[in-house]
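Next up: the structures, one after another.
The same chain A turns up in both complexes below, where it pairs with chain B and then with chain C.
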Partner chain A sequence: MTETTTLSVPVTQGDEDKYKLRMGPQHPATHGVLRVDLELDGETILDCYPQVGYLHRGFEKLAENRTYAQNLVLTDRLDYMAAMANNVGYCEAVEKLLDINVSERAKFLRVMVCEMARLTSHLLWLATHALDIGAMTVFLYAFRERETLMELFAELCGSRLTNTYTRLGGVRQDVTHEIMMKLDRFVNEFPACIAEYETLIDTNRIWLKRTVGIAPVSAEMGLDLCLTGASLRGSGVDYDVRKHMPYAAYDQLDFEVPLGETGDIYARYRIRMEEMLQSNIILRQCIEKMPPGSIVGDDAPDLIMPTIPQKKVTPDTSAHQGLIKLIDDRNVYMEGDVYVATEVPKGELGFYFVSDSKGKPYRMHIRSPSFIHIGALQTLGKGVMVADLIAIIGTLDVVLGECDR
Partner chain B sequence: MESIRIAEDLEKHFPDSILEIQVHRGQFSAIVAQEFILEMCQFLKEKHKMNHLNCLTGVDNLTRKGKHFERFEVIYQLYSIEHRVGLRLKAQVKDSDNPCIDSITSLWTGADWLEREAFDLLGISFNNHPNLKRVLTPDDWEGHPLQKTYKLKGNTEWSGFTDLKEKFKQLSQFDFQNTHVQEGTQAND
Partner chain C sequence: MQILIILLQIVILLAIVLLHVAYTTYFERKVIGHMQVRLGPMTVGWHGLLQPIADGIKSFFKEDIIPEQADKPLFLLAPVICLVTMLASLAVLPFAKGWVLADINIGLLFIFAMSSLASYGIILAGWASNSKYTFLGGMRSMAQVISYEIPMGMSLIGVMMLSGSLNLTEIVNSQGGSLFSIYLFPQIIGFFVFFVAMLAETNRVPFDLPEAETELVSGYITEYSGMRYAMFFMAEYIGMMVMASIGTVCFLGGWNGPFPIPFFPPFWFILKVYGFLFLFIWIRATLPRYRYDQLMELGWKLLIPLALLNIFLTGLFKAFF
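Let's look at the complex of A and B:
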């Protein structure tokens, strides 16, 4: 006979009837390392406590010790589904803080990559959300189109996920004729692909049962929970940063902001499908209106690394000082603070910068939509079934890299 | 109504609390005292329809000079979706050793996690907050990482890591792989 060892699990007095379940952090439907501590009565959730921080890398602290140009690579690691959109958001904020002008062509290129990123993110959202609810085929279909876009990213800047495509004052590489031709072909074909996804799920009885009327959010509740992006627009609130505070070339483009009425999971699904069509329209306009010219603004800071002499100079420090000095000569740093928001696929991504007239940000705060959406899960998850919680996590479209920072 | 008009209206209603109105790169912000922050946010939300809380965060002003700056300040970025206008409030928290300010979770439930984050990373406490616990770092973390006195690099290890290693040892007592093999052989017999 062998001795059996058991782990002692303490049960609080008076809580014996509640079933405690720890969902995650390795649960496939939590889209990363999200842990949700549940208190259950049967299969109904009494209380729901999301726990985050498993992916916390301290970007805000790191940013205070790196120059503005160096911080750009950190933003790739926020929402790794749409790194391009984060790059644009960061650069727009720094350009506002340091008063740098962007060239016209770079503005259109930024809009172009932003909308491509929105498509990749929404396609991944559709694929995984459908997979969570039980529709496998959509996953394969959506990844087919996403692959086309990812290869275009690779052709444009050399990487698929962590792009680091933008620069302060412009973008890193210009588009080639081949890329534009490929994108043009994609834009022509894409509306038919969306119609194809819709035939799979739009009137599917299981899909409708799992989404219609589940977790409805009213407009007041959405604003109270500080939701943004498609999650808020599903409730009928007309708030899109691209329209409210236009950045890059969005004020020169013609597009609509789809709005929902009911605020349930199905409404948010419809919003994102409509948004993909609108992104397609924006991409079409970008191809047609793409102005010629330089991809970097004329007064953009000269961020070329100073050549390191062959003497005994540690490369690290000389490069740091060089970067700071080059900008300091132009005297662009001023004391002050700005908050600049951009519309990324997940919602409103804001950067709050405090500058103390030195080469590094004094304080950089990232207002990440995923963090706030997971916070709202505590309210939205109360009183629903465990299976619906999966659908709610899916519909809020969270990514933990952005949440934990 | 423009941001500057709203800031002036705020100053009219709370004359003693507004210390200064600033503008930087076209963005207006009001430096305010911490006493009536909840009332000010409520005033802006109800009268000027600033129903969207963009951002709530804190700043450690230890190495930054300014006329009205206290050691800690809390930033409230508000926006009116209806009027398409925004305003930033910068509340100065007086007590530098034990910073404490009123919570605005009664106005926005979404401020809950943002205030927890400010508490976690900067050590600013919020009165009347329903659940003021750490959010991004573990519960037993020492210090508040975004304070300027907190070093970027150090040689100490998180205390919870030893517990974690203990737990792992406890788990490894269960010989999952062997149990599986034994059951398998029994089934074959």
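Let's look at the complex of A and C:
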């Protein structure tokens, strides 16, 4: 305790000019528990090393010991901003593996909740991205609309954040008339809300100074870095799983994939704003085209939860029998592997299964866009300033729950 | 006897100003709350009216943590420097005709000197905490002060030329009592430069880089807690008030208003100061934050040339009319 009063900036031998800063994992702008090790010269970043794993929960290993139906709840905890989209992605993959049919109505319901999840995720992205750059009011405006959607989720499936809404072969609950009415009202009002956010930041000189030309990603570079989703489309690469490899009911719906040119932060911001409007259009079509019928496929009735959710699940109720059936009776388990990609708000979420016909995945791999986008941080973060790095973390739209799994 | 009276005046002034500081935080939270579709403090007292007092008590009784690695004397001194210099600059402000503690003839210079000294508090806080974020915050503050003291001083040279004095009472008197004779109109360029520099000087959005929450956690105050944190907070708000007062005195005609208010002469002065504070808050609710190098660019490439132009034009005006 003798030498404590002198300020000592830790430096390694040989590079005394570098100021090393360990940003995170408990830092207000790293969106969870991302840690970035920085080497600074003044405020300019010489080198940047993202470190992940602070939220690792071992989902991929855990999935090997649980049945396909049980694994569904794990996917809620991946990208907790858009749990619905993860549910759909998981179910699409398992259904392809086990060859389960999905009813038409369930397909539309899945698209509907996917797009609602996209809106909640993009609204949260807008809120935090603007807050990172210093625009505080956008944060609260965006949360206002997000709250409406969260309430709708709660009304639809009883849960705001971890929805577990889909089931193998369909969805868990049907929509009520009230939910459709509320969604209809939301869809009507939402474009005006987008316009409201845009008045605050779209042509704001400071916002433009902080976003235009910062961290540009060319189309080639974006492909090299394996970027997907809005981060790639901002560079002008026309790739959207919904459009090019349609799943659920996306092939029956009419929507556009917005593309940027410059690939900088502003371009990606514009893409996500446009995507929100496109999601709104898709929601409008879902409301209009929603077909009648069952919410589960014909050959998967034993995979859904009991109709009365309040009923306690004891070993002799039908729910438990359903799970037992899943493990024992069903003869659809086949050997082989399958990879199915879906377009979640963050990018391309892929589930890769290897099945050995035991009723549980032999191996489940999740291709999570956030993990890959954080990998791009090292390239994009070189040579920019500390404030830009925060903006880049925001614009890549990463969530650590999905990155670390 | 004379000294006793002055001491009494100082105590009364400090009490009033600190009460205003407490309620400026309430004012800010309420205004920004309503701008952001929420209500602001609502729990303590009617519509949260007692919230500042609760905050004061809370920070008073909180543990005063001194980091083990900190440079202790400087760490303890830094918030005191900030607060004392800000409080000292209150001495020369004329709140109404004759309502001024020290009517010295270099009032404006005194305030500049004090607000420059306050930035020592910030720099020392950043240095003495021995933390990386505070260090970056302190460095940013240093750069910011150098860039913005200069245009701020220059923007007021026009006012000095028109009034021919550095005494704040003189400056108000030279503007006369009517709306059209205030210096806002002849010195509109100077006012613009002053206003931007004022935001930077008080570390407010869009120039809140030394304490940029999402970049540097809390900048130079990251390691402070309890009353020492509150002292920085008070210094920032008194700084805002002092700068708003300078703006009021130099550009808006000080305590003069459309009609005199009996029994309470500083009414118009306080109203104008709160108008400035409202602008501060409005800007905070609206604008994002500049980047460090963009801040420098704005200061050196836009504000200083504009301020020089303003001095030149004022000089021409004085020479030919």
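The definition used in the following text is that the second predicted complex is superposed on the first by the 366 of 405 C-alpha atoms of A that agree within 3 Å, B and C clash if a C-alpha of one lies under 4 Å from a C-alpha of the other, contacts with A are read in each partner's own complex, and residues count from 1 in each chain.
Here is the rule we use: a contact is a pair of C-beta atoms (placed from the backbone, for glycine too) under 8 Å apart; a residue touches a chain by one contact, two chains touch by 3 or more.
No experiment lies behind these values; they were computed from the predicted model shown.
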{"item": "First, second, both or neither for A:Leu227, with chain B first and chain C second", "value": "first"}
{"item": "Chain B versus chain C as contact partner of A:Trp207, first or second or both or neither", "value": "second"}
{"item": "Contacts of A:Glu147 with chain B and chain C, given as first, second, both or neither", "value": "neither"}
{"item": "First, second, both or neither for A:Glu256, with chain B first and chain C second", "value": "neither"}
{"item": "First (chain B), second (chain C), both or neither touched by A:Glu43", "value": "second"}
{"item": "Partner chain in contact with A:Ala387 - chain B first, chain C second, else both or neither", "value": "second"}
{"item": "Touched partner set for A:Glu189, first chain B, second chain C, both or neither", "value": "neither"}
{"item": "Overlapping contact positions on chain A, where the chain C interface meets the chain B interface", "value": "5, 7"}
{"item": "Interface residues, chain A side, partner chain C - complex", "value": "4-9, 19, 21-22, 27-29, 42-43, 130-137, 139-141, 144, 200-201, 204, 206-207, 209-210, 385-388, 390"}
{"item": "Contact set on chain B toward chain A in their complex", "value": "22, 24-25, 27, 29, 51-55, 57, 59-60, 63-64, 75, 77, 79, 81, 84, 86, 88, 108-114, 117, 121, 135-138, 145-146, 150, 152, 170-171, 173-174"}
{"item": "Parts of chain A lying in touch with chain B, wherever the complex brings them together", "value": "5, 7, 52-53, 56, 58, 60-62, 65, 96-97, 99, 223-227, 237-239, 244, 334, 336-339, 341, 348, 350, 352, 354, 356, 362-363, 365, 367, 371-372, 374-376, 378-379, 404-405"}
{"item": "Sites on chain C touched by chain A in the complex", "value": "32, 35-38, 68-69, 71-72, 127-128, 130, 132-133, 135-136, 139-140, 205-206, 208, 212-217, 284-294"}
